[in-house]
Amino acid sequence: MAGDYETHAQEEILHSDEDETELTTPIEVLQKLEEAWLNEKFAPELLPYKGELVDCMLDQLQHMDQNLRRVKPGDFRIIIHKMELDRIQFVLNSYLRIRLEKIERFGAYLLNLEAQEEAENIELMSPEEKLFAQQYVGNIEGYLHDTILQHMPPNMEHFQLASVGSKPNLDSYVFFKVLKDTPSLVVEEGASETRESDIIDLEAGSQHIIRYRPVYRLLQNGTVKLI
Amino acid sequence: MLGEKALELIKEMKRSQDSLPILKEDSIKQVLEEMKALFEENQRDVTASVNEELQLHTTVQLRHSVLLRNKRCLLTYLFTRLMYLKKLRWAFGSVLPSDVRSNLSESEYHWFIAYNKALATYMSSIGDGMGVDLQQHLQPPKSFYIQVRCLQDFGDFETADGTKVVLTKNSVHLMQRSQCEKLIHQGILEHITI
Amino acid sequence: MELGVGIMSPAEVEFLAEKELVTIFPNFSHGKIYLISGDVGPFVPSLPVQVPLWLAVNLKQRQKCRLLPLDWMNKDVLEEKKQEEYNNKFFTAMPSPHYREITQLLMSIAPMDIPHAEDIQTLIKDIWDIRMAKLRSSIDAFIKGEETHAKLDHLTLMEINTVRPLLTNTLNKLYQLRQVSSFGTSESQEW
């Protein structure tokens, strides 16, 4: 057990990302997961699913949990490891719950994006989330149809959640921190003769508050992170 | 007055933000009947107006907007109740308190069951089937863990963050201080210092 | 469902602050512990060792260590910082991005380990108050000036989080109003 225990945390985890093989340590995975959690928390839209991070972290948690079961009860290390596991589990659970909340809010709209996603090769929702979204929307539409819609006059029976469900408000304001220097970001288009376009430079390390829309691409490519 | 019943439903909805009153099946029925009547009147007037003056046009329009409004009110009323049920699911878990249950229509209850099922399916499938119970760890953990031994059979115990523990005599557990303080006071648990 | 979207609770702010490293003097012996977030130890009685704050808090609670005050938890350092913050129009860099949370946490579990604990607490609160007052007037000016963005360097997470709901809601509304006045239309829903 000792050898197993010592080398485990030091291990580098191999990810094969189709063509690439990335080496990432557990610490890096955890940091990336925390960043993903905060980004998801503050972004008004659903961000692409970080499946690799989730799977990797779940593996880590399971591994560590199994290690702990083999340790004699009362061992000093148990409490310490358990506390860390709780911390990690909280971040993971919160990440997934926040996504679920958004999926319920914008579910119908998100399902309609599927065609666009495939074209751009992004996985917005995991297959499991997608299934949940379909069931969720279907259950609501089915319920409303069975209880009232089918009893309405002929031309009024139709209703789709997508037509009234919310769309994410990409113009809501967010706080973010800049990770890489980025010059000349257009903040707001000149809307009339009296308002010119606002253009700013983003220096690494600086913090800002701006509408989400001008920066969401920067979020996707890791230039900024939400705080 | 046209659309009055529908408005009543909305008013009730606004009044009961923190509770779920019994579903007003009768009111719903009445609104639907009103819609049927309005629609039929419109059908008659539209057929008639093909040969007659245009002054019926406004009446038809009025009825149509009442129809749309009624539809909207009914949808809102039922939808809002579902959203409230959803909130309860996360607060109480998959079993509803009996007083809530008795205020639901059968259809509402079936929807609730379906929602639970979808959630359960989702949660158990996360991470390639490994599963995550998202009902746990609802709050960031606090660091104040202690080890305790159970002195008597107590049964199931749920901590504030949703973690479930089974307390049987002599079992040893790691718990957060704040969660088990009461049980320690009651002599059910004993703090073990490591 | 816990409303986690767009909102951060004080508990979550503290959770993030607890990752900061602090120095403790253990009163026990133990080998290295291999945490996922980084190794800690080995623990040798009375020898300083760095651990994350969440661990330090737990060990202190179990009476297994003494804490070393962070180097900025010093009366002179903080007096100077307070003056600097007071005299500066803008926000100055804080000794830690979690200065308030860390102070609150350490004061609640280890005031005995921190010399002049009460004075330190007061100074930290004073600095906080000066900064929050600055923040409120900046926000006022920001909103009145109808600015579209602002730079918030040196603001800590807790400070940002305190004004987060107010600021984002107000700015969101202002933006909506700008759109309406520019284009003169608003979207309506068809059911």
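Note that the chains are named A, B and C in the order they appear, and that numbering of residues resets to 1 at the start of each chain.
We adopt the following convention: a contact is a pair of C-beta atoms (placed from the backbone, for glycine too) under 8 Å apart; a residue touches a chain by one contact, two chains touch by 3 or more.
Quantities reported herein were computed from a predicted structural model and do not represent experimental measurements.
> Should the pattern of chain-chain touching be classed as line, ring, star, complete or other?
Contact pattern: complete, every chain touching every other.
> When A-B is set beside B-C, which has more C-beta pairs in contact?
More contacting C-beta pairs are found at A-B.
> Averaging only over C-alpha atoms, locate the centres of chain A and chain B and give their separation in whole Å.
25
> Just the number, please: Cα centre separation of chain B and chain C in whole Å.
Roughly 36 Å, centre to centre.
> Residues of chain C that touch two or more other chains: which are they?
1-2, 15, 54-55, 58, 191
> Residue numbers in chain A touching 2 or more other chains?
Where chain A meets two or more other chains at a single residue, that happens at 76, 79, 83, 87, 90, 94, 97, 100, 104, 159, 164.
> Which positions in chain B touch two or more other chains at once?
Each of 68, 71, 75, 86, 138-141, 143, 145-146, 194 in chain B touches at least two other chains.
> Quick one: in the complex, what on chain B touches chain C?
Chain B reaches chain C through residues 68, 71-72, 75, 86-87, 90, 138-141, 143-146, 177, 193-194.
> What does chain C use to touch chain A in their complex?
Checking each residue of chain C against chain A gives 1-8, 15, 28, 30, 32-39, 54-55, 58, 148-155, 157, 160, 164, 167-168, 171-172, 175-176, 178-179, 182-183, 189-191.
> Enumerate the contact residues on chain B facing chain A in the complex.
28, 32, 35-36, 38-39, 67-68, 71, 74-75, 78-79, 82, 86, 105, 107-108, 110-111, 114-115, 117-119, 121-122, 125-128, 130, 132, 134, 136-141, 143, 145-147, 172, 174, 192, 194
> Residue numbers of chain C touching chain B in their complex, please.
It is residues 1-2, 9, 11-12, 14-15, 18, 54-55, 57-58, 61-62, 191 of chain C that touch chain B.
> Can you list the chain A residues touching chain C in their complex?
Those in contact with chain C are residues 5-6, 8-10, 26-27, 30, 41-42, 44, 60, 64, 76-77, 79-81, 83-84, 87-88, 90, 94, 97-98, 100-102, 104, 159, 163-164, 169, 171-175, 187-188, 191-192, 195, 198, 200, 205-211, 227.
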